[in-house]
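Chains here go by letter, A, B, C and D, matching the order in which they are written, and residues are numbered from 1 within each.
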Amino acid sequence: MCRWLAYSGSPILLENMIYKPAHSLIDQSLHAKMGVETTNGDGFGVGWYGTSGTDDGGPAVVREIGPAWSNRNLRELAGHVRSHLFFAHIRASTGSAVQQTNCHPFRHGRWMWMHNGAIAEFPRVRRDLLLAVDPELFLHIEGSTDSEVMFYLALTFGLEQDPPGAVARMAGLVEEVGRAHGVEHPLQMTVATTDGQSLWAFRYSTQRASRSLFYSTRVEALRALHPDLAFLRDASDDTRLVVSEPLGDLPGMWNEVPESTYGVVRPGGGERLPFAPRVP
Amino acid sequence: MCRWLAYSGSPILLENMIYKPAHSLIDQSLHAKMGVETTNGDGFGVGWYGTSGTDDGGPAVVREIGPAWSNRNLRELAGHVRSHLFFAHIRASTGSAVQQTNCHPFRHGRWMWMHNGAIAEFPRVRRDLLLAVDPELFLHIEGSTDSEVMFYLALTFGLEQDPPGAVARMAGLVEEVGRAHGVEHPLQMTVATTDGQSLWAFRYSTQRASRSLFYSTRVEALRALHPDLAFLRDASDDTRLVVSEPLGDLPGMWNEVPESTYGVVRPGGGERLPFAPRVP
Amino acid sequence: MCRWLAYSGSPILLENMIYKPAHSLIDQSLHAKMGVETTNGDGFGVGWYGTSGTDDGGPAVVREIGPAWSNRNLRELAGHVRSHLFFAHIRASTGSAVQQTNCHPFRHGRWMWMHNGAIAEFPRVRRDLLLAVDPELFLHIEGSTDSEVMFYLALTFGLEQDPPGAVARMAGLVEEVGRAHGVEHPLQMTVATTDGQSLWAFRYSTQRASRSLFYSTRVEALRALHPDLAFLRDASDDTRLVVSEPLGDLPGMWNEVPESTYGVVRPGGGERLPFAPRVP
Amino acid sequence: MCRWLAYSGSPILLENMIYKPAHSLIDQSLHAKMGVETTNGDGFGVGWYGTSGTDDGGPAVVREIGPAWSNRNLRELAGHVRSHLFFAHIRASTGSAVQQTNCHPFRHGRWMWMHNGAIAEFPRVRRDLLLAVDPELFLHIEGSTDSEVMFYLALTFGLEQDPPGAVARMAGLVEEVGRAHGVEHPLQMTVATTDGQSLWAFRYSTQRASRSLFYSTRVEALRALHPDLAFLRDASDDTRLVVSEPLGDLPGMWNEVPESTYGVVRPGGGERLPFAPRVP
């Protein structure tokens, strides 16, 4: 199990979302409330896009293998880096090695990907799934997690052209291969992915008992509920957070993403739609 | 807060005490039950004496800054190193840096030292305590913890000649300096120390509300209670464990060390005596 | 021995100074040419000030204990962080522990400090030097290096008001204490310090055989020498580099800082002046 | 490029081979003489078999991602662990990630494997080579190096039954796949492998310009040459070292393994034979 957070909106210091909330991601690294595991200390990562738009190479991704709660470099970065779109992830390994190449977010070109969940009995199906990855993309797989394989399968199935369709085909393949190996419930996932402009978040599991996923209420509506909150005054109307579990208990702030659903967040808007795997 | 374990007795593989018990130290690193903090992921250490008696240089001490639960090298060592006397410690930092020189056990010559607890408001009193360390010993202080300063104060006060007296004087000084700085309850400690032959364990706090400490029942008595347990058959009569919290719930296995008490464990015997700080 | 680089001038991506030059700091981490040690793999650090001027908390400082050459996070930061004033340092330990709190640059408030060199026989004089640090400042010392003690002595002697005077008094004390312990040549240093606006660099050793130090030629003059170099076109006239050893062999680019000299670099100008220790 | 050392003979403390020789492996980590790269600071590993013969689980393998020269835990282990058969390896990455699962020695059951060299253009041929690994063995591949794939190919081809034959078939496949991808010189290797009893070492490259490899002269002959050397008196007649480069310049001590050759070292004897790849 892991916990993650995706932010899109007015440029802010990362620490405002990662450290300052009452039940921040850092707090969740020590004491998650909704997860299978309460301790998420097997590495972490943050990835962000620059505010200037001049960094052609895509996002910066910083990943480390120790716990986030005691990492001083993360504290420094979060206190000095400002971004309009960033991912943060804390990892609880379910068996694969604690190493940098297994930490989220993963990156390919301008795209980032992070995940909470698991492909059931991954060691048994790993080889078949790897074989389905485009050989050119296969070169770039560095770690040993199911999450990274899911990313490269989605890229193989056209993530850069049609994110929801590619994720659906990835999920379809994982279920197909899993069932061929006799796995009853092959997939359990909440996934976030982005190209630096839009942000997609998916909640799905074969068993229809998916890990938790929440998104923040529209800023406009929050302002009406909480006219006294300073941070809402500076936030643009289209600012949104998508999180594994709420960062606090501000009334009206958090909405659960329903089962088998995905959402898109983009400057100026967003939408919520049903999600179903598709046989690739 | 931290958790620790000290073993003296029949030579065994370290893993038998560190990994195999139901509520092992590894389990405590993720989910301690009796501590102030439930997660102990800010480094760990093991120190052991060789079985051959030919290693004149004293114990081997291996310390790392990541969590114990995911550390593969600890797993390897614990599965291959056999010792009749060893310490193991998992750390939860109360503020000082997560670095190897702050991990327990500490070593000086043939002696080892490990600690759970805190000197209250340590930053304020640290300089005065350091000044009281023998200048020759001061050279060897490498880290920034209260625990290491306590060790070097005890060495200054004669740990190698009279362990209980030296620890009493250390505690007395810590209380004296603390009070001079207006600290109400300067000391909170459970400490283990050894010269490779005997093992001393102390439970004390100024407030008489010390962190938990337990020792195992005599093997002979345990055998009578649990004639079916194989591991008791191989253990010598003088085998003992001292631990921050019990490693499981075997009836009759664990005894609480009373407040303001210390114990000595040595081949052939041991004893339990009252402990009181002494002004040095 | 260590290697370092200080930059002040037009805001640039850190990688332009840390990775791209022919004999970059990364190259020096593997194969330094002018140092006592050729390998500088015992940790590294970068510290930078934000371009916006809105980060009141001073510089961001990121330090790690592994070699710089293989560190992916440093690569990411250097490719995405832009600054008008930054420090970078690669460490070769001369004995003190390889740990984050021993990596440069050190920071106190808005100030940064980094160092190449050594206090001779530091273990013997360390205690006396620590005693001379202002007790309030002493609280903030976290590591075990001579470099950090030098920084806190300079702060004790008024670094924030009069940097050259404070460094002179620090050097004077180090020599005085060293000689009292029978050390013939107590100090060997090249130091850089900054408050985020100006940058001071010092070259001095008791023996007048100081480690190498260089600064870059005025941009205006370089443009006349090399009218074809693109990067010089974008650099403001007051852009300067101070480095342990030249980053390449561009003719006319590098000037040696003379023995017993310090320089100031600031927006709009700079100067070079003699340096001599002063008894504090 | 990497450097490695394999020892078989009288049980000794690891430090006698890893730290004490004039040009020890630790010295080679900073300043190798015969390699393509002079710095080997991208991780290290040691693997050893217990002296008691009671450790059924095979060797202990300890691997870390930092440089060996500054690693205190390696120093501790080397000073306390005694073994009759051990491997030590220092790594210089040629591109793949610096992570524990990429450090040598690799282990499978009772077997260990370590390597210096490279499969040319490994990213291009990696997928085809992985496909040739037995699917049951494929489950155990954790890292991203060519070395680990070579090990699992050798296991696929019967390493446990016929080590020279299996390594020959592995080499044959690597050359075949490389050539199919247009690689002129697909393989460059020196490999050591062991089952805890015998030790095999191979020197081969497609181009017949293999990395250096040496073995020590028979103890009996060395004793005649150097009757005054104490350490030779304690060594059993069948004690042997195989190393990437000599650990010092004792006359008569080191012999080069010829091109396209392998050797076997085992209690009571050993032999040297020609090596040639075989199409699997």
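Operating definition for what follows: contacts are C-beta pairs under 8 Å (C-beta built on N, C-alpha and C of every residue); 3 or more make two chains touch, one makes a residue touch a chain.
Fair warning: this is a prediction, and the values are worked out from it, not measured in the lab.
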Separation of chain C from chain A in steps, with touching chains one step apart: 1
Same-residue or different-residue interface between chain B and chain C, half as cut-off: same
Where chain C and chain D are represented by their mean Cα positions, the distance between them in whole Å: 41
Sites on chain D at which at least two other chains make contact: 72, 97, 100
Chain C contact footprint on chain D (complex, rising order): 30-31, 38-39, 41-42, 65-67, 69-70, 72, 93, 97-98
Interfacial residue positions of chain D with respect to chain A in the complex: 96-97, 99-101, 123-124, 126-127, 130-131, 135, 138-139, 142-144
Residues of chain D that touch chain B when the two form their complex: 48, 50, 52, 55, 57, 60-64, 72-73, 76-77, 79-82, 100
